[in-house]
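Both of the next two complexes hold subunit A, though its partner changes from subunit B to subunit C.
Entry: the complex of A and B
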């Protein structure tokens, strides 16, 4: 009898919190809601140290925060969420650390493929963005499988940047543009091809992040104010927000604060977007 | 008995919450708009209070009250970037005052950026005014005059994405159209060299200060801000030297691990 009441109490309390959150989102929706929010997941290791946990637990706590935040973004009406999961620079970390992150990633990607996963529940389409050739075979294959399996989901798009840096993305796009141009020159003849120089649209067509519009808000947790080679090309008109909370500590209040700040400067951003 | 009472209370609470939620949903646009404006009023009030506190702090910093701000290790800031909103960049005298402050603090290499290229038009005037001020305050034969000069780089939006496209074109002609290598392996250093070949040889800024209404880098050349610390200073018209000193001091305390 006591157990049933406890479960009922927990469920009703949960529903009340859910109602309050949805009411708050309904109020926020009076103003412009960002279409795309990007997150730099900084502070997992510091969180583990702060709570006397081993490093792996810091990343797991970070994953729970990620799922919660994705849920909130979906409820708010955000269409694209990008996360900086693993940078090319992070490969320089100690091998056991890199392996721990890769193992966790593999575990979570395989979890996504299950029917009852949060990804299926919320209709999340997943993209893995970055130089996937740098990942080990298992993780890369799982990533490709997850992208195929979620290709029909259409509620929200989650872009997971792994083995990614902005400069690598730019060089990759330049390389692809050059190869495409060379192929056009060879097939159509030298006279026609050489008259055109490579333009910004050619580069942008081959960017990894070309599958999504530019982000409206970029959140980097743990109070750091640098972009660390993340979405440098795409954030010309993006509001940067650096809450002091570590990534596993991020919550609804940070998301609401970010959206309110975005709404505050939205007219200016729209004007700049038209001018650019 | 107690458990039954608890169960009933929880169910009532749930009913109340459901009623509030349905009221918010059905109250229509007017009620929602009012609540939305209240939220934004709270945000504006918060920023007003932060602004007041910031003004007091800036005043105290510029009075030299805090020891840590007096002993600023300026050598850590090798290259400073200042991104200014294009509308605000039209206030040339304010920009000149900012450059004077930066020179007085001890900075030697500064990059000015604005999206529309307003600062490029005022670059000559700014350089001339700074030079005249220096000449009038020091003797012409002073050998240290040249060392104390502020080296100014001025760039705009066209020096960002378009520069990368031009650099890619250089790489196309060098590695693709003139060679038979099937798939040349382009690297980041090839891109850096190509950018250097078309005139972009300045180093990456360590710190970027944004003067404008929004915390946004406004299209500053992407290739150069990989690890740049970005701080928002607020509108140019309310710039304060104390806030500038605090921002530079904050930068000197940052430790970067570059992803490791």
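Entry: the complex of A and C
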């Protein structure tokens, strides 16, 4: 979003940096570019503590990083970006903290619906992934509205995991598959011996993340190397990367390093995929 | 160099202890005749081993009686390995000073990656890589026993490894059979319980029966629970658990709305242990991937990646992994 009072010098500087970045991305594009990158946004509270800010400011700084990274991914040619915004386990945190995050989320989702938002500017289609029934009414309605409003955008897809854990997703998929099978059996009449076994495709069809392919890279910031119940099913053959930087400190160099690591192992992963 | 073992003698049929002995002797021979950039790496771990003055030097133990391999001169071969009685008085846990008892993981999972690369970097045939990998595996078991880790899961063979050349998979199956035959007595003596996860039906029949016998024979052991993942895939595990639940739904035993995480976890193959979720997962050889190992169970597991290849993974590398684990802050999504 451009500030109209920017001086010419600032605008020129901004566009030359942008030009250099796009040139760097063009060089990277010589190798394979990941189709889908997932991020675990870890370290917002530690960032706020480090800078002596209150926790709410840590999350806002995190949001700015998110928008920047989405912009970079769009310029690089990444088609899907998934972020772990709020886990079901995070409901265990202090109530005022959970409320602060929910309020920020509501504010930003409503911001997405505006014409001049970054989402419209970059053609971002937004999905909210997770057990949305656990969210409060306002946030859930805003999320549904945002999904509808951005359904025509097609440059890049942003999947925001809220009230999500991978185990909950698998349980939900199992539940839906069993109900679907039961409905099929009932509608086709009780036919003994016509029972098909549950297959991988049945479960994958009912996953929340069924709208996107499996991620190629999973980035977790703040140096922690664990999955924290995020995309366990989808990251079985995904490259993991955990930079020490906290989420609000993440920058272009981390994205470039992650992509370079991916390009290094890409031939091996492709060979495995073909063999399977 | 005195009394170099005659490697180029009239070849005699090789069997398991001989092969390992040959590897042990040929390693110093190769390093002296063919100086290579890898030379320092061969003995890097030896330099880091700190022995108490009274302790015997570590010996290579590969036979079923954990006997030391001695050369024709009678000298013991010094290779990275811990003799069973290095840590004193049988039964009690003696941790190195850098580890804290209360922060030790209950369950450690290991992806033993890098055997072929280890052999390739030394211009050995692949079988040497796997044999060296097995020795590292034995070291890990001894360390786990000595340091009081309750459960150890090892990724022996993935369902994706069937894509490898048939000669290699046959070699691996042969190696597993020999290990089970020679090592079962050792596991019984060390009070180690073996469990198997994965689809055993695709393995050779002989290996299947050996595995079943091993699992039955050791089921009452309690010092260390060794879970071997053979022909295992994390996704298949979750799918088979969901399938069992779908059958129960079909039979009217449960309603789809009653399906929860507890039900799924009970049907997973790792329900054979009290601690199905590893606290720490170690993957060697620098690869930063899960490779379809233990999907559901890794939800909150601390991951540790090391560049060391699996045959080079010894006490110092394991200590480093455990120290790194003990410094982590595990929040499980909640407050600090």
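Keep this in mind: the second predicted complex is superposed on the first by the 265 of 276 C-alpha atoms of A that agree within 3 Å, B and C clash if a C-alpha of one lies under 4 Å from a C-alpha of the other, contacts with A are read in each partner's own complex, and residues count from 1 in each chain.
Everything that follows uses one rule, which is that a contact is a pair of C-beta atoms (placed from the backbone, for glycine too) under 8 Å apart; a residue touches a chain by one contact, two chains touch by 3 or more.
Bear in mind the structure is a predicted one, so any value in this text is a computation, not a measurement.
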Partners on subunit A (subunit B, subunit C) - clash or fit: clash
Touch count on subunit A, higher of subunit B and subunit C: B
First, second, both or neither for A:241, with subunit B first and subunit C second: both
First (subunit B), second (subunit C), both or neither touched by A:20: first
First, second, both or neither for A:31, with subunit B first and subunit C second: first
Partner chain in contact with A:12 - subunit B first, subunit C second, else both or neither: first
First (subunit B), second (subunit C), both or neither touched by A:272: both
Partner chain(s) touched by A:177 [first = subunit B, second = subunit C, both, neither]: both
Which of subunit B and subunit C A:263 touches, first, second, both or neither: first
Shared subunit A contacts, counted only where both subunit B and subunit C touch the same residue: 87-90, 92-93, 165-168, 170-171, 174-175, 177-179, 181-182, 185, 197-200, 203, 224-229, 232-233, 235-241, 261, 265, 272, 275-276
Residue ranges of subunit A touching subunit B (in the complex, touch as defined): 1-2, 5, 8-9, 12-13, 15-16, 19-20, 22-23, 26-28, 30-31, 87-90, 92-93, 165-168, 170-171, 174-175, 177-179, 181-182, 185, 194, 197-200, 202-203, 224-229, 232-233, 235-241, 260-261, 263-265, 268-269, 272, 275-276
Subunit B - residues contacting subunit A, complex: 3, 6-7, 10-11, 13-14, 17-18, 20-21, 24-25, 29, 32-33, 35-36, 39-40, 43, 115-116, 157, 160-162, 164-169, 171-172, 175-177, 183-184, 186-188, 190-191, 213-219, 222-223, 225-232, 254, 256, 258-260
Contact footprint of subunit A on subunit C as seen in their complex: 160, 163, 234-236, 238-239, 242-243, 245-246, 249-250, 256-257, 259-261, 264, 287-292, 295-296, 298-305, 328, 330, 332-336
Footprint of subunit C on subunit A - complex, ascending: 45, 87-90, 92-94, 165-168, 170-171, 173-175, 177-179, 181-182, 185, 195, 197-200, 203, 224-229, 232-233, 235-241, 261, 265, 272, 275-276
